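Each of the two complexes below includes chain A, the first together with chain B, the second together with chain C.
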Partner chain A sequence: MHDLTAITALGGAEARVDRHGGVTLAENSDLALSSVAARLGQEETCAENLTRLLGAAPPAPGKALLSDPLSAVWMGPDQWMIGADYQAHETLAQTCKDVLKSSASVTEQSDAWVCFDLSGAGIQMVMELLCNIDHRRMEPGDATRTSIHHLGCFVVCGEPDAFVRILGPRASAGSLHHALLTAMHSAL
Partner chain B sequence: MTQINRLQGGQINRDRPLKFMFDGKFYQGFEGDTLASALLANNVRLMGRSFKYHRPRGPLTAGSEEPNAIVELRGGARREPNTRATTAELYDGLVAHSQNRWPSLAFDAMAINDRFSNFLTAGFYYKTFMWPKAFWEKLYEPIIRRAAGLGALSGREDPDVYDKGFRHCDLLIIGAGPAGLMAALTAGRAGADVILADEDFRMGGRLNAETFEISGQSGADWAASAVAELSSLPNVRLMPRTTIIGAFDHGIYGAVERISDHLHMPDADKPRQILWRITTRQTILCAGATERPIAFDNNDRPGVMLASALRTYANRFAATPAKRIAIFTNNDDGHRTARDLQACGVQIAAVVDTRPDAALSTDYQVLRGAQVIDTKGRLGLTFAEVKLADGSERTLECGALGVSGGWNPNVHLTCHQRGRPAWQDDIAAFVPGGILPMGMRVAGAATGALSTHQALVTGKEAARKALGLKGRAPKVADAEDMPVNMTPFWYVKGTTRGWLDQQNDVTVKDVKLSHQEGFRSVEHLKRYTTLGMATDQGKTSNMGGLAIMAELAGKSIPETGTTIFRPPYTPVPIGTFGGRMRGTEFHPTRLTPSHNWAKEQGAVFVEVGNWLRAQWFPRPGETHWRQSVDREVRQTRASVGVCDCTTLGKIDVQGTDAARFLNFVYANGMAKLPVGKTRYGLMLREDGIVMDDGTAARLEEDHFVVTTTTANAGKVYQHMEFVRQCLMPDADVQLISTTEAWAQYAVAGPNSRKLLEKIVDADHDISNDAFPFMACANITVCGGLRARLFRISFSGELAFEIAVPSRYGDSLMRKLMQQGEEFGVTPYGTEALGVMRIEKGHAAGNELNGTTTALNLGLGRMVSTAKDTIGAALSRRPGLNEADALKLVGLKPLDPETKITAGGHLMRADGPVDAAHDQGYVTSAAFSPAMNSMIGLALLKQGDERLGETLRLVSPLTDLTISVEVVSAHFVDPKGERLRA
Partner chain C sequence: MIIHHPLLGPRDASEFVYLGAATLLDRPDPQTATPDDWHAYAYLRDNPAGPHRELWFHEGGDRSWLVVTRDTTTHEITDVALARDVALERRK
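Let's turn to the complex of A and B:
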């Protein structure tokens, strides 16, 4: 066991939680991420292997697979981001490699992103100040890429007007957090 | 002062009196008032001074088209100039000031301009202030700006915040008058996702300003019940106080919602305004129509107003500018004003109707075939001079004059995609025509359908068509359906100082002058006279100007045409466009994993792109940055230093064709790079110029990690993705950025290996034999944490770059510092990094400046001739390979005390100093602790053949001329022995 200590994307020892107006903004530092991109000509095999890994077919464009222990978000043609609990799956990338073998290129992405979970009634009003998504029409499992505060982010709908997950670039976690919190205070 | 001009009735809340101040005097109004209505109720007609002549002005309108009653709202840092008193919602404690006057509104010294009006006609400035040229900026412009202008900014930072946001709907309805409300009811009841936006704080449009009924209810009550029903529908969003400012591409509309303008100050954290971008499938424009004035001499006195505005003030706000009012009209609508005012107890001096056959009235006097030809009154109207049908003249005593010249449909938003309106003869006005913005329909008065009944019918029909509703349509409520009965009448013949554009002081005479001088196209007319260029964008003036120009040119009005309508529909504060992007949040910031640690060390940061990088780490006793930087360099070269290089771009390149792909992207060979090795790579643009440099490390047969410079990370990734998708679609390559996934540190100096041996787990041998220069490997550190190690050097020392998952970056940095104590380890910042790379002669951003080739940088041989690669062919074109091409060299001052300046140019030791004899330029310069003097890197003509030559370095900007010697760019360890140690 190594002796280095992890910090969260926001730089704290513990994940930060903010509450305002019935909405909770929670930094989620317990998310392991791994990108999967099918090798050329291996698209079908990759999808089959992923189905085996995820227990369900990988999500279609604009969709996420909300499941445990592994979830997935469509990122591009034959590309997905796989997610899992970090504590239990710190070596998620290796797990993916073991299953996908030469059918896909796998890259560890756990620390490339910051994850914020926004929950509570009223998040639609917060989201409309942040990004150009018709959030009122999003259904559970809808996922899309958008720009928030000039940052490329993924937005995954867990439950309409109740739960949304935002993945943004880790180095800009502070700026993204500021934008989310400001929008909460403004909208609610 | 009591509200002596307050009438009975109205839609104001008399239970909520509001105190406010205008030009230092306190007044009282009521909830539901605008600033203008409250001032009129208090018998204040004078609210501003005109732009050029400083003539006294009062409100012309009761809406957002107002040209005259322009004031500064609020005080201190919240002062907002150029706001319309006619739309400013009254609140308790509101403070407003008139503007563009000195010393006071009633006595304005600059009104002297009015006496010289003959000299200040259109084109005066252009013709007069031409000479001498140098006087313009220093003398003429400041004087003119002081004399003519609108409100002044506070000069302080706006303490309020503004938001930006996005909304989506099936149907956007713009305007909540009878047509908009009917359309919203139709669509809302059908279950459509509707947004109804209106610029007013009370929805209802003209229904709130008129007295006629809908199905036995007053128009205002019908509107209120419609709004109540719409509020109860979950699929309808009502946006009062929201102006749709523009129709943009693909069904996107700009909207400004005034969240806090009606409050003393915004609630905590709440914005003053929000700029919305509304994306909609369908739009119904129900923007209504604007009444137009008639031009006659001195038609700009306070008290001369649009007749419909008088109705609005009386019926909605229970206010009147005077107790005795005359009307000047060319249509039946003017008579409606007379009737309404009379019903409110206002005395009608007369209705002056230009039509010889105008209907007479038993309630008030109608002067048929007559015209108002002039007015009197110092700071407000007292008399109107009327020329009767028989040619005789008569004076009417009146405190206000309602003018009605017909109605102009508000076609603006239909034209924002370059559509041109069409002319409709019966109302003598432009109506929507041509191609409308995608998905837009128009209803109500904006189509030229000017009755309430027509508004309801067209509103309903537009909504049904937009939503594709089938079946029998329900009947609309009964409402007035009076035909338009008007005879076009634009201006009184013989008028010279009859105002068209009251805000910009453009008169009938100015239009005539424009025609006389050949500026006859509407666009030229606009620029020559400034007609329609004020904050109101000519909403009440453009048509008059066009009509007069048409008459002068012997053309019809539609032949003359209109100017282009552009967003925004009404003025928008710059802060609203800025939103939250201001100050430190102007753009997002990127922080490295060791940022907090660096802050603890007192690091001085510099912005590199969006990154904040430590420049240097001051130690106690160091008073100058050079002391810190020199120490960091010396300490690193003497022992060991650590630098956070997380910011370098990292791109994961995988796939069976990864090597072939990189071989194509890089100018030098990558295909045969062995696993476990790193190679320096040069990337060219298609035109043969260097794009970026970096390293490619082959971790596995089909897995590379490419590094880029910090500044070019995004650009290189984009370029590689383009190559992958468009140039090599048949290649099995997958790319993904991992820049932020890994915290990466350069550990440099002769003791770097010793330090790392304390970090790297023992089963990884990093000795020189096992892990030589340019080696790379996946390793573990600190007892099992996955990491990557690269033996690469930017400083020229024995050096490594070590990477761990970002969350452990902070901890690793602390560990390196702790474990390095015995070696006297120092963190070093970007300045020391820069010094060491200059000492080593490594090219960086200053040299890769978008104009240099591999040949210039002394790296010509890296461009492989044995393979096809991007940019290689064009790098061989003759222009880039001249005999005297620039080459990278080092510079050393002959006098070690002298300073080398980056950007300075090189000249021969003797001979002329001019551009024609330029020999090259300095790209980088620094004080070198190793050389104990300043040194530089330069691009010098045939530089590689001129080592030892003495040149003059000149910098006219810094007044520098020194002698320098051309030397090798490699000041430190030219043979590279240290980095291979």
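Let's turn to the complex of A and C:
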């Protein structure tokens, strides 16, 4: 057996945490992700199956379902990103596929994204510098994809001016981290 | 310029990239198309001064393709629809 050491998206042994001006920027390495795309003509069956999987209807456009153990973010028409704790749901894609069967295409996404959690009062000022979505008007459960530092990122509002989750391309984790940290230092 | 995304509301045009005329949705049937059909599909455009239906990609957003009706003389946008809905409607 190989004895390999897992590293985070930023390359560390442990998830990185930065603090500035009352805002905490935390890399979240404990997130399993799977994308779900309904197959043509199977949209309703897929939505029904997803409702069984999530325990609630899949989120509408621009929305996220913030629930435990599985959460979901709307990605596009009849497409969602399912999330869960990695430690408890390492095989999330298989879990999804077992329920959705042939109604949807499921792909493993855990290692494709980097997740940053911004928390603390002042994050709205940071988000204003980062992207052109109106973060002050976002409510808990609002989620949208936008460009941050020229990278396509999902922005999920947990609590206005208290918690926001940003999912960005993992291959650009360092660039995104740099952008977020620079914005924190500029805004706060 | 603001594009009113049918699902996500008003979005800045900088989030989108432009492809070209919406006639690209009408790909000829490979089983029956003649070389002339392919030539027309690939190269011939009307280039109107006025309302123009065109394809835009929401690259910095939800990655959907949109059919945008834009006046080429004023940039006024009169209609925006999801390209998938337009294509699915035609298939009926």
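By definition in this document, the second predicted complex is superposed on the first by the 186 of 188 C-alpha atoms of A that agree within 3 Å, B and C clash if a C-alpha of one lies under 4 Å from a C-alpha of the other, contacts with A are read in each partner's own complex, and residues count from 1 in each chain.
Operating definition for what follows: contacts are C-beta pairs under 8 Å (C-beta built on N, C-alpha and C of every residue); 3 or more make two chains touch, one makes a residue touch a chain.
Keep in mind that this is a model prediction, so the values were computed, not measured.
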Chain B versus chain C as contact partner of A:62, first or second or both or neither: second
Partner chain(s) touched by A:132 [first = chain B, second = chain C, both, neither]: both
Partner chain in contact with A:144 - chain B first, chain C second, else both or neither: second
Partner chain in contact with A:186 - chain B first, chain C second, else both or neither: first
Dominant toucher of chain A (residue count), chain B or chain C: B
Touching partner for A:152 - first (chain B), second (chain C), both, neither: second
Touching partner for A:95 - first (chain B), second (chain C), both, neither: neither
First, second, both or neither for A:107, with chain B first and chain C second: first
Intersection of the chain A residues that touch chain B with those that touch chain C: 132
Parts of chain C lying in touch with chain A, wherever the complex brings them together: 7-9, 12, 14-15, 59-64, 82, 84
Chain B-facing residues of chain A, complex: 1-9, 11, 29, 35, 37, 39-41, 79, 91, 104-105, 107-113, 128-134, 136-137, 149-151, 169-176, 178-179, 182-183, 185-186
Residues of chain A defined as touching chain C within the complex: 61-62, 75-77, 132, 144-147, 152
Of chain B, residues touching chain A in the complex: 161, 163-168, 193, 268-271, 274, 277, 279, 580-581, 585, 587-593, 595-596, 610-611, 646, 652, 654-657, 702-703, 730-734, 736-743, 780-786, 804-808, 810-812, 815
